[in-house]
Structure formats: structure tokens, C-alpha cells
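After this come two complexes, each holding chain A, first together with chain B and then together with chain C.
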Partner chain A sequence: MAGALAAIADPAVRGAFREWLLRTADDELVIGHRHSEWTGFGPDIESDVAMSSIAQEEIGHARVFYEQIGPDDGSTPDQLAFGRSPREYRHAALLEHENGGWEFSIVRLALYEPFEAGRLRLLGASGHEPVAGLARTLAREERYHGLFAETWLARLTKAAVEDRGRVQRALDEAWPDALGLLETTPADDLLRAAGVLGETPAAARAAWEDAVRPILTGCGLAIPRAAAREGGRRGAHGPEFEQMLMQMTEVRRSDPEAQW
Partner chain B sequence: MTTTSLPPHATALEEAVWDVLRTIQDPELPIAITDLGLVRDVTIAAGRVAVRLVPTWTGCPALVVIGDRVRDALQAVPGVKHASVEYTYDEPWTVARMTLEGRARLQSHGVSVPQCRFAEPPVCPYCGSHDVTVDSLFGPTLCRATYLCRSCRNPFERFKPPAEP
Partner chain C sequence: MAAGVRPAPGDTPRSEAGDRWQRALDAPRDVWAVFLQARRRDPHIYVGDVHAPDAEMALVLAKEGYTRRDPCVNLWVVRADQIHATTAGAEEMFEPATDKSYRFGGSYRQQQKVYRSAWRLSHREEDQ
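Entry: the complex of A and B
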């Protein structure tokens, strides 16, 4: 398979598209890993299975995006997923934070899924096969993750008043990093100029807020006003990610050439 | 030549290849991959067979197993010099790809299958009642949700296709 990048002749555009795909794959890998940490610890058996399934799907999605990037420089999905230094990852900080309480994981999922839906819409309209077809396929799968988050958010906020307070605190905590999902780099400008991605940063943010607002206000939550905290798209990550990466790559580092 | 099912005037090799594909079971469902609708197309040229499969769920851990099973089985067909398998995403898998035989088989194993959309009212595979309640959208595999029937009191599973746009 030649991957999605081979068909792009301009090396600058190819590099920018690579960065976009890497960002997408890294987001899915990192949130998938955090979700997987709920396996065995979910609040009930159904939610435990659900979060584990969502984790499995996100990591599967990361794999197919890494497969699109790999042929460009000869790297395998495993090398891309596990063989880089922390600064080479391009995920948003929101996704690397430790799970904390169930309410934080649910708030994070509820904020991330509308962003992911918007991004897949954009990739689906990029005209670049096979990524566009892949994005249209994945959008169908992601829908269930959003439903799960919305159902749980409603359940948590309809309980006692102090429970809604906990959810609001989790939302206030997550908000600046959630805005960081929308962080752009020169790659975004380049792809827009080249006609690959047809949405301005302002339009992307408006679409995300339009999707998120009714979910949150419908649960009686107040939309925070804090400004975005950025850096993840440029490789700036915190100690929580370094720890996570060490744990995630522990077995692989013991024998990087092993065949599984 | 590329075929999406066994053509009416198939060559002996095309017939042998499609016969073999019909024997390959999904590891997580009691159903052949041809009944599930996983085979997008088969291209045969000078003894080289290239199969394109379309996954039901992209993150499904069975994909590698299925791919290996297909390749190994085809490699063993007399006249096949080389077999390759690739997953394709140009068009999403939908429940319309599942054959009637496949649906009946899942039904008899207690897995209800939607006619065409997940959003349509679920039916209990044991008693046919519509008086059912969803237990969880995430069941024992990525492609199954769990339900309870209020009429016959049986728990059951329902095939969960990726959501319609």
C-alpha cells in the first residue's frame, strides 16, 4: 500500500499533510490508552466493557492512520506508535492527562468526540484517497462514542447537586486543554492554501462550540470562559505523558526488534 | 479479472477461489466472511490472486486473523501462485452487505440483525417481541450490542453496524 502521502507531489504540502495525519493518529493512540486504563475499574460492568471497546477502537483508528503515514518514510505503525521521543508526538494535552475520576474521563470524551467528528468531516472532504474514505468510515464508528459520553454526562449531572458540581469542576479543568485540540501550526495554513482542508481555524472552533454547547448546557453545565492552553500540536507535553509513554513502551523497549 | 461474487461463467480457478472464501469463518461470529459481506472483490491474473476485504469495524482485533486465514487458504489452492489480502476503506461496510443466509445464521445463534439500519426498532431473536430494552451499546465484541427482552425475559445480542451518517 502506497499510503496517502505518495500522491502529493509538493513536498511542503506532503509534509504538512503528514503532520495532520500524525496529529490525528497520536490523538487516537493517547486517548485510547487512557481509556484502556479503565479496563477492570469502570463503575459498572457495562461501562467497563464500553470504555474498553472505545479504547480498542481508538487504538485501531490510530493504527490505520499510522499505516497511511508509514510508507512515506518506511516506518511501521508500531515504530510510529512506540518508537518516538515524547517531543515527536503531536497529540493535544487534553488527551494525555491521567483519568482521575470517572467524571473527568466522561467530560473529556464528550469534548473530544465532537472535535473528532469535525476533523473526520474535514478529512472526508479532503479529496485525498484513501484517507477521505477512511475518514468517512471512521465517522460512523465514532458516533457511538459520542452517544456513550452524552448518556453518562446526563446521568452524572442528573444525580445529586454535589455530583453536578464535580462534573462542572472537571469541565472547568478540561476546558483550556480542550480548546488546545484546535491549536494550529503553519501546516494548517499550508493545507488550506493548497485546498486540501477547507476550513478556517475560526470556523473549526465555531463548529466545535456549536456541537459541544447544547450537550453541556442541556446537562445544566456552565460553559467555561478560560482561554486555550496550547503546545501539544508542536510537541510540548507534560510529565503525565512521559510517564504514560514509558509505561506504554515498556515491553517494546525490552526488545524493539521482536516479532509479535 | 476482478469479481465481486462468483460470476456466472467462472473459470475453474475463479470457482475454486470463491469456494475457498466461502469456507472461511469470522473468528468472532458463527458465519462465513462471504455471508458477512467482508469480501469487496477478488482479482485473478496469471495465477496471482488479490483479495480486497472491507472491515465491519476498523478497530476489530479479528482483522489480522481473517486476513491470515484468507491468504493461507488461497495459497493452498492448486493453480494459485501467489495470494495477497488488503483491507480497503473506499466505501464503508454496511449491514446491506450481509447475505440472507448470514442473517438467518446469526439469528439462530441469538444475534438479532437489523434489516438495514441500527436505528430501526430492535426485535427479540427468540420470541419476535419489540418490547425490548438496550442493556449496553458495547457488547462482547465491537460489532454487537446487548439487550433484554421484556416479553420472554431473555438477554440477547444485536448486531451493531457502524452508525449511519
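Entry: the complex of A and C
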């Protein structure tokens, strides 16, 4: 398979689209890995199974995008997922944080899913097949992920005053990094100029906030005012990610050439 | 997951149960029975339970718990304690006293289809 990038003649645009797809894949890989850490530790067996399943789907989505990127430089999905140094990953910092409590993972998922839905819509309208078609298909699964997060968030905030306080603290903590999901680099400008992606950063931010605000206020949560914390899209990651990557690649590093 | 709902003490000694031939399932308040429809126009089949505080959460959890490995187009959840069941003591009411095999529906094509789709779900390989 030639991948999504082969059809783009202009090397600058191709590089920008690669970066954009890499972000998408890395976001899904990293949040998927964090969610997989709930396996065996969920608050009840049903939610444990559901979160584990969501984790599998997210990592599956990452794979779909790595498969589109790989042919461009001859990388396999495994090499892209596990074979890079931390600075080469393009996920937003929000996704790499340790789970902490269940409420943090739920808040994070509730903030992430509207972003992911917007991104898949944008990609679905990019006119670049097969990625556009894939994005439309993957959006079906993301819808459930958002539903799971919203349903849980509503229950957590309805339970008791002190519980809502915990959720609010998780939200306050997550908010600057959630805005970091929308961080742009020159790649975004290039793709917009080339007509691949038809949304300005301001419009993307407004669409995300419009989606997120009713979910949060509907749960009685206050929207934080803190400014964005950025850097993830340029490869700046914290020690939590380095630890995560070491753990995630432990088996592979023992024999990178092994056939599984 | 499919362990929560049991026909309530139908095993209650007859003397105690008296003539009681039906009763609500003796299930905790947070147990929901899940019914899955594999294809449109198939009947909904009972596949197991989930624990959840309300119907919406029960559906969210049932979706992951019961539709990952089997096809599904529609889910029902019902509070298990809202299901009324005949008791064990009433079993003999289903046993014909005279030969009524002429009434069995097995030879009707539509009936066979209904039985088969129910059978398919209740005899999944993992249960064998």
C-alpha cells in the first residue's frame, strides 16, 4: 500500500501532512496506552472492560494512521509506534499524564473526544483518500468513547459535593494541556494554504469549546480560565512520557528485530 | 458478568411458597438484564447482566460488555428486579399431561427461524 502521502506531489505539503497524521496517531497511541493501564483496576468490572476496549480501539486507530504514514519512509507501524525517541512523538501533553484517579481519566477523555471528533471531521473532508474515508469510519467508534466519558462524568459529578470537587480539580489540572491539543505548527498553515485542511486555528478552538462547554456546565463544573500549555506538537514531553515509553517498549527493546 | 440474575427462591419450600407460582426476580437494585438483538427483525435475546446505577449507564456498559464479540443492532436493558418469573414450583404447569406434539410449532418455517436465532445466541461457542 502506498499510503496517504504518496499522492501529494509537493514535498513541503507532504511533510506537513505527515506531521499532522503523526500527531493524530501519536495522540491515539498515548491515550490508548494510558487507558490500557486501567485494565484490572477499573472502578467496576463492566467499566474496566469498557475502558480496556476503548484502549484497544484507540491503539487500533493509531495503527491505521501509522500504516498511512509508514510507506512514505519505509517504516512499519511498529517502528513508528515503538521505535522513536521521545522528542519525535507529536502527541499533546494532556494524553501522556499518568491516570491518577478515575476522575482524571474520565475528564481527560471527555475533553479529548470532542477534539478528536473535530479532527476526524476535518480529515474526512480533506479529500485525501484513503485517509478521509478512514477518518469517517473511525469516527463511529469515537462516538462511543465520548458517550462513555460523558455518561461517567455526569455520574461522578452528581454523586456528592466532595466528588464534584475532585472532578473540578481534575478539570482545572487538565485544562491548560487540553488547550494544548489545539497547538499548531507551521505545518497547519501550510496544509490550510494548500487546501488540505479547511479550518483556521481560531475556528478549531471555537468548535472544540462549543462542544466541551455544555458537557462541563451540564455537570455543574466551572470552565477554567487558565491559558494553554503547549509544546507537545513540537516534541516537548515530560518525564511521565519518557517513563511510559520505556515501559511501553520494554519487550520490543529486548529484541527489536524479533518477528511476532 | 452473567451471574447476577437468578430466578428467586423458586426453591422456597412449597409449604412456605404456598401456591405461589410467580414472583419478581430477587436481584439487587443495580442489576440490569441485557437483551441483545443480533440483526434487525431478530428477537432480543437475554445475554447477561450489568451492574449500573441507571438505564443510560447500563446501556453504555452493556454495549462494551456484550457487543464486542457478537453482532448487534439493538440493545435493551431492564432492571432485573422488574422481571417477573414463574417459580420452580410451577414447572409442571408447562408439562403436557397428554400428547400434544401435534400443536408444537417446530414444523412451521417462521417459527423455526425464531428458534434458530435464539439458539444461535444462547449456544455461543464460548459457552460450550
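We adopt the following convention: the second predicted complex is superposed on the first by the 260 of 260 C-alpha atoms of A that agree within 3 Å, B and C clash if a C-alpha of one lies under 4 Å from a C-alpha of the other, contacts with A are read in each partner's own complex, and residues count from 1 in each chain.
Everything that follows uses one rule, which is that contacts are C-beta pairs under 8 Å (C-beta built on N, C-alpha and C of every residue); 3 or more make two chains touch, one makes a residue touch a chain.
As the structure is a computational prediction, the values presented were derived from the model and not from experiment.
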Partners on chain A (chain B, chain C) - clash or fit: clash
Partner chain in contact with A:L123 - chain B first, chain C second, else both or neither: neither
First, second, both or neither for A:L182, with chain B first and chain C second: neither
First, second, both or neither for A:I59, with chain B first and chain C second: first
Which superposed partner A:E46 touches (first chain B, second chain C, both, neither): both
First, second, both or neither for A:R136, with chain B first and chain C second: first
Per-residue contact with chain A, leading partner among chain C and chain B: B
Chain B versus chain C as contact partner of A:R155, first or second or both or neither: second
Which of chain B and chain C A:V13 touches, first, second, both or neither: neither
Overlap of the chain B and chain C footprints on chain A, listed as residue numbers: 46, 49-50, 53-54, 144, 147-148
Complex contact set, residues of chain C against chain A: 1, 50-53, 56-57, 60-61, 63-65, 68
Chain B-facing residues of chain A, complex: 1, 46, 49-50, 53-54, 56-61, 63-64, 129-130, 133-134, 136-141, 143-144, 147-148
Chain B residues within the chain A interface of the complex: 57-61, 86, 88-93, 135-140, 142, 146, 160, 162-165
Chain A residues within the chain C interface of the complex: 44-47, 49-50, 53-54, 144, 147-148, 151-152, 155
